[in-house]
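Right after this note come the structures.
You will see chain A twice below: alongside chain B first, and alongside chain C after that.
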Partner chain A sequence: MPRKFTPYLFVLPLIAFIVVFTYIPILTSLNLSVREWDFLSPDKPFVGFENYRLLLDSHEFWNSLRVTAIFAFVSVPIRLVLALLIASFLVRETLSARILRGALFLPFVTSTVSIAVIFSWVFSTDYGMANALLRAIGGEKVPWLQDPAIALWVLILVNTWKQLGYDVIIYIAGLQAISNELYDAAAVDGGGRLHVFRRVTVPLVMPTTYFLLVISVIEAFQIFTIVNVMTHGGPAGATDMLVNMLYRTGFTLFDIGKGSALAVLLFAILITLAWIKARVIGRKVHYEA
Partner chain B sequence: MKPDNPLVTGLALVAGLIFLSPALYSIWMSFQAADAFYAGKLKFTLDNYALAIGQYHFARYLLNSIIVSGLVTVIGITLSTMAAYAFARYEFPGGNFLFGAVIATLMIPSHISLIPNYLTLAKVDLLDTYAGLILPAISNGFAAFFLRQYIRGIPRALDEAAYMDGARPWQVLWRVIVPIAKPAILSMGLYVFITEWNNYIWPLVAVGKEDLYTLQIGLARLYRLNPGEGGIDWPLVMAASTITILPVLIGFVLIERHLVRGITMGAVK
Partner chain C sequence: MTPKLRTALALSLSTLCATTASAQAEVTVQFWHSFSKGNEKALEQIITNFEAANPDIKIDADFIGNYNDIVTKLQAAIPANRAPDAVIMEVTRYGLFADRGVLADLTGYLDADPLKEQLFDFARKVGVYNGKNYIIPFNSSTPVLYYNKDILTRAGFTEEPALKTYDDVLKVARQITEKLGSEGISGVAAPGQFARWGLVMDNDSNLIDPDSNEVLLDAPNTIEAYQWMASLVHEHKVASPDGVTEEDNGRDAFWAGKVGIMFNSTGNYTQSRKALGDKLAVRPMPCNKVCSVPIGGAGIGILSSAKQEVKDAAYKFISFAASAESNAIWFAGTGYMPINKGAARQPAAAEALKTQPGIDVAIEQLEFAHGRPRPPVVTWMRSSEYDQWQAMALGQRDVAETLKAFATSTRNESQRLSN
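The block that comes next holds the complex of A and B.
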């Protein structure tokens, strides 16, 4: 029979990795965020909340927060509405539904760097697919990634293209859990297709919607790869998301104190979002059988 | 599966192709000679691949990606399975607390550990090594959580029978639990592999030596640093991009069902 210390031996390796690479780093970030350091100098003088004050006083931080918030709160709802509509068509077990599910899901498992590179070509001014299509219908060339008013929307489009399939797959799983009897009952009551969708489907997949909403917003706040490859945060800071600013502050400018303060703020924002989710979900979502 | 109206199937196929057209076109482009491509002509060639693999070392990057993702998957899934087994089968002091600590990592944004992990690995001289790429990616709270749920669904009577026969706990795990949980372990393994394959920010900060670039880093650098004549050599970049996508694409086509099941189980349960 198992001895008393057996379970500890089984969990210890995983716990050790989590402690070293997740929990201690939180403390390290907190500590570094109240110091001034450039990676090299031998001492790290304590500066109190100076790094936070500098951040909160800077245009750079507020711009970055604004851009990230637009990215998250615009792209996620669009994606979820699209995904639910598509999922309600693709939930059937037919060959055509299967083909489309596969096509939609492929970008999700494709390398983000590849996707970013491919769409850098699609939206490149001189040789890109987007401008070729525009020219074909008689339009003018658009400098998609060089225009501060447009670049963020291009990134939203690219991220939607990448993530849509995941949302669809999750919605399909949610829809499959709704019993057919409910649909039959709604049909007997004489509801049209739209009516059934609004009155039966939408409320019943609410738990799935909340799940997707929360993880998508949290993921959107951490977007980095497509920004780093496609725009570097430019033009003129128009796509300078929080993690891109964090990367620049820490690993290009070597301002470890300010970078750590930014990491702590990002952490605080995401924990707050997660907390709101726990409150909202705890209260509203329990239609499940 | 119902085969439906051929017209509907045809339309679905067309819609799928349009959706994927940027990616499909990039693969097509990778087989075009650059000069012909810019002149608007067609000329098939494998030169872009030869160039990517030879002059730009993409064979090396491919090998690095396989080593790093492979080891992260094998070590990570092993540790997660061990922990999941203990959390599923034992009541022990501190067990709930430790499980809570594992679950909580799902809520913690990985970027808060970016600078600290860089410093930790610098201190033990592991930046610019395979170990430096692999170690911070090993622990996976989601895999541990998911596997624990799965193992709880396996009847305890099977464990008891094995104990009667004189098995030790690790034998029960290896001979009883792992074979039954194999589908879940494979789904999770695949998920971890793809996630690590596509990891970008950590290799970007942890590696400066070109010998250790993964495909993602190599591709991003090639795109940024290699202008062709009068601009970027798109066909070459697309050949490199195709090399980066292909292994995961092949894996996806082979085992789509496993992957989709793994991802949805985690979300809906």
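The block that comes next holds the complex of A and C.
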């Protein structure tokens, strides 16, 4: 075999893996999205863009898109701001900082299902700890997971608590890459702490912010486990995120064609968002000090 | 090689060959079920007895989740060629699978089996879809009314109150909530889906007409029944909303002594008794306009994709599980109704009837128990009903409007599935 093929042989297993587990499923979804199928029938008749039309005409889809967008655009900024602030305090290599980093990272490596089940108990209206605390201080019980105006915020809180540790660790890595000379120079120039943070830290940590932004938005649009365990998309669709709707449509309502069409739309939405982020924010990111 | 070593090697080889031969002769039936906690123990006992009587058949039983989980996982497993050989299917949800040819027609097996004559009529009928048998009954149930005697006494009921109509239940639930609400005790658990169907039938209606398969979700009596059920949560506040968003919460709270009344399947009898002991009372469902309860539970079906020898072995197991002896073990261990006419004469069942007060209530209800329709759309309707119920019970949507819209979408879906 000619030596020029040797490098390709080294990457062949990875390429095969990606083809089998990424590209073939994407193409299969595209194919199923233009067919009518319930998983059980041997036939999958071609229906053109009917599944897309039904989705775009449905109140459910637009509600899910709205709820997911609110979730993403509220939770991601909160996570990033909090993470950067916490990382700024924990960047020092002290024992307490290391212990706190570990504590913050713990929820990220804990099973999401376990977290969701435990928080379901915490926010249970009649039997939960949150309302027990409220009542102990003289407050009224709150229907955390039954009130459409509150349930989404509870999910944002739980998801932020779970993901924050990851964001903090990534930010700490980004902050540690900033040269101390820049801080020294800023100090010599008489910059205050806030001024240095705004003028030195924030711009230089921009590549990390951009990376976390891209990852967090994708993660927010794909959130499923917490929703499925804590609210099943309820009450009255108030937390019915896109992936939850996709699961329900495909796997509990037997409409795999419409479920696949929704998956394709979600893919298109994420690609569009990534493109917008690259155009709007990506240009402002500088990878060298 | 020493003679001792040679003998040891020869013995090892012969043992290995014998083991391999026996393993090859064994037929394994992969069986998916939905029984956990105490009910799983009773099932394990039946499987152990079966394997002892049939050493050439192994039952590989897996707990998959509740009935909804089984439907979801089965549907994903079929195209992946990873479906089991036998599966528990809820009585209203198997129609779609029978309709699509996923379940094997068991009519020939049952016709040749003396079991057919031993089954109660109601039990035999639950396995019939379009004139053919697709499942053999295993765990049949009706909803019943459970209450906690201690809670009622503490709420001021010196004698057992009437619990025959919606008004009776509401009155008792109100008094419990008023007297004991400060201790975190609710009057009644928000009814789960099986109980909701039962309460609609008590109000002289149904969700789907059993004869014509016509959708009755928007029938006046169905709407009235849902209005009453929803009012328990958002208007009268005698049922916790926690049991609306997660149906098991209501049952768990009843077991924890935090709820006075619960409508639930007789399949929860044993666990309820374990949790509450002598405080537990079991009564028939209310008869608001008529006395009528749905027959629920599930039966075991065999997948068409299983090999013939596996199908034969699976049927042998299914028939054994529905036999008088096994059914008595199941009845005594779980509270599910006897399906075999001979079960009550078995020592295990006779002992249960004597020592477990209330276990016979579901049997007494049989005179007004009715099978439910199972056209393919029922699976979709039941999966979708949870969201509708949440919206109504939490007071977010008007009951009549919601049910009218739901009826329309169910009719549309029925049309889609029949195309």
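Points worth noting:
Methods note: the second predicted complex is superposed on the first by the 266 of 289 C-alpha atoms of A that agree within 3 Å, B and C clash if a C-alpha of one lies under 4 Å from a C-alpha of the other, contacts with A are read in each partner's own complex, and residues count from 1 in each chain.
Assume a residue touches a chain if its C-beta (ideal position, glycine included) is under 8 Å from a C-beta of that chain, and two chains touch if they have at least 3 such contacts.
As the structure is a prediction and not an experimental result, all values here were calculated from the model.
Bringing the complexes onto one copy of chain A puts chain B in a clash with chain C.
Shared-chain residue A:143: touches chain C; no touch with chain B.
Touch criterion met: A:127 reaches chain B and chain C at once.
Of the two partner chains, chain B and chain C are each touched by A:251.
Of the two partner chains, chain C is the only one that A:235 touches; chain B does not reach it.
With both complexes superposed, B is the one of chain B and chain C in contact with more chain A residues.
Of the two partner chains, chain C is the only one that A:40 touches; chain B does not reach it. Superposed model on chain A: among 6-14, 42-50, 78-86 or 114-122, the stretch of chain C in collision with chain B is 78-86, the rest showing no clash. Taken together, the two structures place residues 120, 124, 126-127, 251 of chain A in contact with chain B in one case and with chain C in the other. Looking at the complex, you find that chain A touches chain C at residues 38-41, 120, 124-127, 143, 145-148, 231-237, 248, 251-254. Within the complex, the chain B residues that touch chain A are 1-4, 8-9, 11-13, 15-17, 19-23, 25-26, 29, 38, 79-80, 82-83, 85-87, 89-90, 92, 95, 98, 101-102, 105, 107-120, 135-136, 138-139, 141, 144, 163, 169, 173, 194, 197-198, 200-201, 204-205, 215-216, 219-220, 223-224, 231-232, 234, 237-238, 241, 244-245, 248-249, 252, 256, 259-260, 263-264, 267-268. Residues of chain A touching chain B in their complex: 1-2, 4, 6-8, 10-11, 13-15, 17-18, 20-26, 28-29, 32, 92-100, 102-107, 109-122, 124, 126-127, 129, 161, 166, 169-170, 172-174, 177, 208, 211, 218, 221-222, 224-225, 228-229, 243, 246-247, 250-251, 256, 259-260, 263-264, 266-267, 270-271, 274. Touching chain A in their complex are the following residues of chain C: 68, 71-72, 75-76, 78-79, 96-97, 100, 102, 184, 186, 240-242, 244-246, 249, 253, 258, 379-380, 383-384, 386-387, 390-391, 394, 396-397, 417.
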